[in-house]
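Think of it as A, B, C and D in the order they're written, each chain with its own count starting at 1.
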Amino acid sequence: MVKTDIGYTTIDSIVVRGLDLSKEIIGKFDFVDMIYHTTFERLPTAREKIMVNAILVTTADHGITPSSLAARLTYAGAPEAMQAAVAAGLLGAGSVFLGTMQNAAEMLTEAARELGPDAGDEAVRDAARELIRRYKQERRALYGVGHPIHVNGDPRVATLRELSRAHDYYGVHWRLMDAVSQVLSAESKKNLPVNAVGAIASIIADMELDPMVARGLALVGRSAGLLAHLMEERKQPIGRAAWELVLQDDPRNQVP
Amino acid sequence: MVKTDIGYTTIDSIVVRGLDLSKEIIGKFDFVDMIYHTTFERLPTAREKIMVNAILVTTADHGITPSSLAARLTYAGAPEAMQAAVAAGLLGAGSVFLGTMQNAAEMLTEAARELGPDAGDEAVRDAARELIRRYKQERRALYGVGHPIHVNGDPRVATLRELSRAHDYYGVHWRLMDAVSQVLSAESKKNLPVNAVGAIASIIADMELDPMVARGLALVGRSAGLLAHLMEERKQPIGRAAWELVLQDDPRNQVP
Amino acid sequence: MVKTDIGYTTIDSIVVRGLDLSKEIIGKFDFVDMIYHTTFERLPTAREKIMVNAILVTTADHGITPSSLAARLTYAGAPEAMQAAVAAGLLGAGSVFLGTMQNAAEMLTEAARELGPDAGDEAVRDAARELIRRYKQERRALYGVGHPIHVNGDPRVATLRELSRAHDYYGVHWRLMDAVSQVLSAESKKNLPVNAVGAIASIIADMELDPMVARGLALVGRSAGLLAHLMEERKQPIGRAAWELVLQDDPRNQVP
Amino acid sequence: MVKTDIGYTTIDSIVVRGLDLSKEIIGKFDFVDMIYHTTFERLPTAREKIMVNAILVTTADHGITPSSLAARLTYAGAPEAMQAAVAAGLLGAGSVFLGTMQNAAEMLTEAARELGPDAGDEAVRDAARELIRRYKQERRALYGVGHPIHVNGDPRVATLRELSRAHDYYGVHWRLMDAVSQVLSAESKKNLPVNAVGAIASIIADMELDPMVARGLALVGRSAGLLAHLMEERKQPIGRAAWELVLQDDPRNQVP
């Protein structure tokens, strides 16, 4: 039988995870409650809700990104299909931008598997060293450190770390992430601070959520940011100007 | 200059609509605050927040839909790119499913333009008649009435209507939508109750939001529902079985 | 029964439009044969094949476009999912770029409905005038004329017109398109020559193909162009540099 | 400088890989010539053209697939944005369906690196054994063998193998692929014949093309198949019926 445990529909009701959508959910659950209810079959605790809101807010947006640019370029061609522009803005959420929160959370979850919650600092540091060694050997890039623009430190990280501490989510994964940054900076003699990807991956892992949830929440948050960009694009378009700017960077192209 | 008013990024800060993301937003705004801040440059009132949460919750999901099926079929082929599955699930949010909330809100906004907020019932009914007449003449389908499954009435509508009344958003657009349903049912001698699309479009219009926000919020809500589906698809896949079910419906196809 | 007339699959064969894929199609049909076979249930004539190849070649690519930029920005984030980058590059093929070939072909097909194939020049010109008048009245933009870069004339059009003449596809739709450009240029006292969109729409209409085929072939052609861009993006990436270029255009953004 | 070697645009010309699109390409190149010209900077030989046509024809389509279903479900919701439906149909071309041709070509290219073109049968068989051993050890699924429907052998493979032999592309990668199937079938005592993915990956590798070209050509071919499906979906829709079929498979769902 092809069935989903998420829900079903009858002539006069819609049931989501055992609750009647119209009678027990709408007007009673807020959006984060609904995310937990559909995905995890339970409601979030107060501190879980705070952290999920922080993740959604952090991933929503911050100006011109590859994601908002792709969405605007798409909207410029097909303004009648705004959903296509949102989709285009999400499609790059892979192993390099945005989706990388999943990869980072997988990295931390796996590397911390043998560390108990009360692991000492030295054990955490050893796990970080071992993780770095293994990634170098496999010629893989480490996730969660460094930033092309915020070279002295990603400003979101301190806030997210404090928020995690305040709500008791600064656990072994956060500590491992911080240790990876410290060890790697020392070894490479470069400043490689934790970035927002590493912070959110740490939170997801310390909340004991599946790493895939990191990418999923980033997509939800970003889709809200893309809505803001596309509302603006309709009234004050920049997609076409951005294209012409890139075009003109190669002097062989002529733009009248 | 190619610039967005949404925000900008410096070496040590990210500014979103004039506020410092790290110092003034993360941990202080919840997700609906952030949607308002990035899209409308202000925070929502308490009752706006309740209504937006209700829209996000309503659009999140309800089991097997064309949207969740497209996402699952995509995930079955490319599990390493979950963002592509979410995008596939959003791409059908057009003029027939989901995105139709925008079309319905445009219909109501336009048709109510000459009705003041205190328009009498007869004036609203006349506007409904005129709207129906015009759509028939232009051979366009009316938005917001009838449902392929909930033939006796969409169970979400009563809840959304009550919630709107309770928070003073049962205004002229809601009244026009209800009148369209009544007039059309009487004229056609069929039961054509308001559906969830009509209810959400009414709310958006009575909240004085841009119709495009209806489609935008539906995409945000649905992306959360798709996360739940894809988490389940990974553990208890049904995408392939759904495909085989469809395949077998044509007896010329053989499935071993 | 859920069935498609395109084909079916048994344990030991695949049938496409009544032919055995392995025994009667692969190695015998070229790609344009296959397009005709699956879409139109017949093989193309020699001159149809020439025209379809010309359309695929014309739409394939020409450097930095909103489409190739969106694809490259997406690839930069998710190089492991090249199909997502191709999809992003296609999603903007709507009513403004690329997909507009469908809109233009619909415009020509509809406007030429009452012109016979042997309509005199004056009748064609009258139809063009009527078309322009109607679009102005409805405040719609005319399709197929003018170009943001090729302001003195789109270089592809003369070639496509000659090719159409040589293969007897310069018919009433092409003549109407040319007349629209002439009348509009005279009326507006601006030079508004036919563009590639108008030329391809004319070909599609004079080949008596469904307007939707115009957009469909543009997507097929463009997907090949995107392959070339993404192969290059992997070896000589410019997606990130394009992003930084746009970012730096607003001096509030800092890029180290 | 942000530039692409693929081409540039001036007021009165478009240059693609050094040739004038209007004067030297349109009407002179067919589509496969254009693919080679934009991607590889040269024209294909006659036998390369035959093989590329065979790949495009093979990947175009064969009835109800996850890809055509996702496209049709998307079209049902957004018929005004056919490009979104094509995109949805391509998005699943990942590591399990369709896009897997790239993974298989990478597998063959890597495993054959130390085999010369004249490697003896025993050396090829040893390489196959080593490949299988390594994949088992890494718990990875082997690409290119077995098929959920064509359990006795994929009917396309014999045709593609013959075509390869006829045009001198049955080289060391094809031989390795065939050996993998034989060794694996013997070891597992199951019949695990080469499938179309394995055949196309072998062709790509024996043509010395980049593995990414395999996925790219599959996307081009499939986009043509999706055009045929969407043309049919508009006239004889099955998307909604397919959805209801899946819905009804779970008896908790009610469909009137």
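Keep this in mind: a residue touches a chain if its C-beta (ideal position, glycine included) is under 8 Å from a C-beta of that chain, and two chains touch if they have at least 3 such contacts.
Since the structure is predicted, the reported quantities are computational estimates derived from the model, not experimental observations.
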Between the pairs A-B and B-D, the one where more C-beta pairs touch: A-B
Taking shared residue numbers divided by all residue numbers at the interface, is the value for chain A and chain C over half (same) or under half (different)? same
Work out the mean Cα position per chain and let me know which chain is farthest from chain B. D
Compute the distance, rounded to whole Å, between the mean C-alpha positions of chain A and chain B. 24
What is the distance in Å between the mean C-alpha positions of chain B and chain D? 36
If a residue has to touch 2 or more other chains to count, which residues of chain C qualify? 2-4, 8-9, 11, 63-64, 78, 80-81, 83-84, 87-88, 91-94, 98-99, 149, 151, 242, 245-247, 249-250, 253-254, 256
Counting only contacts in the complex, chain B reaches chain D at residues 63-67, 69-70, 73-81, 84-85, 87-88, 91-99, 148-149, 151, 239-240, 242-243, 245-247, 249-250, 253-256
Quick one: in the complex, what on chain A touches chain D? 1-4, 8-11, 15, 78, 80-81, 83-84, 87, 246-247, 249-250, 252-254, 256
With touch defined as at the start, can you tell me which chain A residues reach chain B in the complex? 2-9, 11-14, 16, 20-23, 25-27, 29-35, 38-39, 50, 53-54, 56-58, 60-64, 68, 81-84, 86-88, 90-94, 98-99, 102, 149-153, 155-156, 158-160, 162-163, 210, 212-213, 215-217, 219-221, 223-225, 227-232, 234, 236, 238, 241-242, 245
